[in-house]
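Letters are used for the chains, namely A, B, C and D, taken in the order the chains are written, and counting of residues starts over at 1 for each.
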Amino acid sequence: MNDRARSSPLLRRLLQLLVFVFASSAALTSQAATPPEQIIIDTDIGDDVDDAFAVALALRSPELQILGITTTFGDTETRAKLLDRLLGETGYPNIPVAAGAASSTNSTFTQHRYAEGGKFARASHSRAADFILDQIRRNPGQITLIAIGPLGNIGALIDKDPKTFRKLRRVVMMGGSIARRYRDLGYFPDRGPEPEWNIKNDIPSAQKLFASGVPIFMMPLDSTQLKLDEVKRAILFQAGTPLTDALTLLYHEWGQETPTLFDVMTLAYILNPKLCPTKPLHISVDEKGFTRSESGPPNAEVCLDSDSEAFFRFYIPRVDGR
Amino acid sequence: MNDRARSSPLLRRLLQLLVFVFASSAALTSQAATPPEQIIIDTDIGDDVDDAFAVALALRSPELQILGITTTFGDTETRAKLLDRLLGETGYPNIPVAAGAASSTNSTFTQHRYAEGGKFARASHSRAADFILDQIRRNPGQITLIAIGPLGNIGALIDKDPKTFRKLRRVVMMGGSIARRYRDLGYFPDRGPEPEWNIKNDIPSAQKLFASGVPIFMMPLDSTQLKLDEVKRAILFQAGTPLTDALTLLYHEWGQETPTLFDVMTLAYILNPKLCPTKPLHISVDEKGFTRSESGPPNAEVCLDSDSEAFFRFYIPRVDGR
Amino acid sequence: MNDRARSSPLLRRLLQLLVFVFASSAALTSQAATPPEQIIIDTDIGDDVDDAFAVALALRSPELQILGITTTFGDTETRAKLLDRLLGETGYPNIPVAAGAASSTNSTFTQHRYAEGGKFARASHSRAADFILDQIRRNPGQITLIAIGPLGNIGALIDKDPKTFRKLRRVVMMGGSIARRYRDLGYFPDRGPEPEWNIKNDIPSAQKLFASGVPIFMMPLDSTQLKLDEVKRAILFQAGTPLTDALTLLYHEWGQETPTLFDVMTLAYILNPKLCPTKPLHISVDEKGFTRSESGPPNAEVCLDSDSEAFFRFYIPRVDGR
Amino acid sequence: MNDRARSSPLLRRLLQLLVFVFASSAALTSQAATPPEQIIIDTDIGDDVDDAFAVALALRSPELQILGITTTFGDTETRAKLLDRLLGETGYPNIPVAAGAASSTNSTFTQHRYAEGGKFARASHSRAADFILDQIRRNPGQITLIAIGPLGNIGALIDKDPKTFRKLRRVVMMGGSIARRYRDLGYFPDRGPEPEWNIKNDIPSAQKLFASGVPIFMMPLDSTQLKLDEVKRAILFQAGTPLTDALTLLYHEWGQETPTLFDVMTLAYILNPKLCPTKPLHISVDEKGFTRSESGPPNAEVCLDSDSEAFFRFYIPRVDGR
């Protein structure tokens, strides 16, 4: 570094800042030139808290056009109300919300108080399967369906109209476990796969999806155990924007200490594929919900590892929004 | 307990519940018969987080009629905006908010993001001293002034119109330190008094107040180190009401772990004097901000000890509001 | 307070300190004049963490003579090794440790690493039932048996030699649930009783105990939900004594956030009965493990409520030991 | 993956495990063939808690031969006693501990209780400067001096015998700030350098070191803000080894929530240079303690960025030791 640069630290700082801002916005700008990617998010928001963090990332991403959000699994109507409020509080009251078929579950709807206050609650919600099929017909080959809950809606779509379903551009899903199970964080030897929540709660639908022929991008437990630790929480929960305020409240209703942002990797992958490099595998879903990599023609691009710190360096500034 | 009762556990539970509900509402009912007590809260809300918890208790207390809330110390206008939003979010947009004279301070306004979003912000705020004097003139001998910040507004009132000031029914204040200092929690020998924040940040005003002749009820450090620990926070922050949501957000912007609810004891005392038994003392404020109990005619009722658990058994169900 | 006292704050502080020290030691002194109470602690130390905090209080109490500690429930041998180390690390290697009969359980032995290091491990442990019977025979009518685990050892004693068992001075036990269940903390209406751990894990033994005729002092869930919150933990875990160091390590192996010091109330009650006032009841243990208060001649002194803050003001300074 | 492998998941798991164990031990084995690197650690252990985590890594690394540990800054004798106990408790009572010259400081010795218990305390400690010079003379060109405190001892060495000092193989130090300051974690634009603790507390010694001609490997704030968050703490503090037990106790005496393992990167770099890639820079220390990168011949290899997650995947399994 020469003396000239040294003689003006302020100028240098300014340059650094410009480089940062430019680098941050470059991707957006270049993508903004291309039309935004059309997405639908299919979510079981309200039990675990990562779904809310995934929706938050989508809302803060101009590269995406959110055609709608659909709810799946369990009390789908209350999940839809939770989304009504989340979207209303954060300035997106016009994003459609559709409810999937309700199902019985032992899972705890931790965030029901947020949903039940009636804030921004819509008069009614259309049916998820109808909504998605309608959207696909209007935008054939264009839509990325982001599946971050058990796959009941997807099974219903395939049952109802497999031909239209195949006109999805792709499905990007959180689900499955190839070589790591929950709590395999890379500090100790991996303990091998286990049936994962989104798969095991609707195994037949998962099997239909992997046999459907639609391009699948799969983010299993292996690459999605992203821990929102105390340092990162303090940053996000002090940001004081309507979006981070909503996440703060949902975090507290969830009631545990450390969220694992499984679902969020689907969005992060769409926005920046380097955050979760994939490789083609043939995935087979067995009757217990194991997702095995077997010999055969690839039916999914699967992300088997990720850099947690790189993920958060992408996620936090974007969602923080200060 | 006889066999009959035993034979119907459901009936017994129902009776218990009725007794509880009745006991809870009895005080309210009996007081509701008497007119509510007129109060004005004078607060430095926005730095430490206990002021917000104090305002929350007032809002949930039908025994009180909040004539207005005035801000004191430091950036009084931003404090007023914080109150605008807090009152707006929780359904009390019509409670008047008046701003005291701004002053310079090194104290950190931790909760400024909550205040600055512009939510429910009012076009302007009247002057605190004018507002309070006007209210006293309209309700002579009726108003309890609750002082939970440094005493600048009170000093200004006394300077401006001591005669009207004396027409307050009483001042209930958090401030001072008689025999205990901060962190003297009763587990180890008390380490003796220290100058306390609300006093030492405006010693002349404190001296004027104790010489004013207005009845003073004083809650010093000795009886107000009420720790909102993790168990209690989990309950309040999962309640999911607009009021507890606001407290949750302000807690996070405050950014520390354990709030000490100093200020809240003033309200709790007004609502239930048994929570902080007082005795008459002659209090003298020295030039360093010590509040000494000296010989002389009593000029304050001072609460020297309290039962923290009893306080929270009163506070939590009332503010939780589920 | 006159001017003379005021003129010498140092002298005053000194006097305060003397008063405190005197008050603290007075009970000990007066009791030291009387012979210490002979106790045996029967514990399932190693699963939940409150047992360790109970043993810690006993070790710091000159009013008590610990004849021995016996282990009960599950892996009693590893529990005995945990005690070997705890006693060894804290300077009490000569207190006898005896192991009860092992039993199968689904309970998690959270603190096994502390136990398994081999530190201070004794070559062998005598049998709990034999040990206790032998001690009763040597000290008839003298021994307080403190039962803070499931009651298997006690059932075995009664089966083996009911006559000797009746020569206990008394049993002080943590167990049962009269009107409150776990998480009934007094902030909301109590939800009524539930079968409590120490009872429901050996119902026949509990029934035998309440029918035994030995004086029973019972501390149920109603009076023992004593939360060691973050403020109290910070104090104890920074004390840096061998005893608090052991508690710190066991706390971390336990692996949760907030210990509830159920078991400790038995010891606290023996040392200071005012901390848990009892009343005589006839307790009946049903086949599901409910402990019902029924009509009939009293068979237990039961503590139905306690002041948590008073408990900790007793516990912390004594165990802290600085 | 072919059918054969699939048909035996157990075998496959076994193979995975073998690969992991082999990979883990390979580095050790290959290095064990070469003689271990001789190191001396110069530390201000006892104030911040990262020094203890650095010493812990050294103790668990067969690639290193610890010739001794020297204390610097403030109460060097109590720091030496802390090391006496730490080394004694963990089975290394024969590693020499030498104390540097004491100095006055406002820094808080948070972990003094651990040090003062007298456990494993040695009768006396030799003088740090004498000890280091003596070791260099015995092992010329062999020793890596790891500097993780203010640089007083190093300044004394250079003053006393610059010729011998130059016979160090190298100095690996934590210190300085090139482009990032404390709390610049990569989520938001870096705010530029600031004077860093180890430099600013003895600027003249830092200037001497950078002018000394000894090879310097420098780990500044830019690459050392390694957060031991709640997930990582839970793993380490439940390991239950003598070493992790010591870290647990020191963590609690330190008394804050999230340790930043600044100092540990020096050791990690020595053991695995890929964890902190360096580049040659000319570093100049100004009168305020800024460490500026200027034009001129390189006098240090400086690590300007690191992968926090890679660091912990190295650190945790090695120190956990289960």
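As a working rule, a residue touches a chain if its C-beta (ideal position, glycine included) is under 8 Å from a C-beta of that chain, and two chains touch if they have at least 3 such contacts.
It should be emphasised that the depicted structure is a prediction, and the values quoted were computed from it without experimental measurement.
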Report summary line: Going from chain B to chain D via touching chains takes a minimum number of steps equal to 2
Query raised in the report: Where chain A and chain D touch, do the two copies share over half of their residue numbers, giving same, or under half, giving different?
Result: same
**Report entry** Computed distance of Cα centres, chain C from chain A, in Å
**Finding:** 49
Query raised in the report: So, what's the distance in Å between the C-alpha centres of chain D and chain A?
Result: 39
Query - Where chain A and chain B are represented by their mean Cα positions, the distance between them in whole Å - result: 43
Requested in this report: Check each residue of chain A and list the ones that touch at least two other chains.
Outcome: 257
Query - Chain pairs in mutual contact under the definition given at the outset - result: A-B, A-D, B-C, C-D
Report summary line: In the complex, the residues of chain A that touch chain D are 1-3, 6, 9, 13, 16-17, 20-21, 179, 185-190, 192, 227, 229-231, 235, 257-258, 292-295, 307-309, 312-313, 316-317, 320
Query raised in the report: In their shared complex, at which residues does chain B touch chain A?
Result: 113-114, 116-117, 234, 237-242, 245, 248-249, 252-253, 255
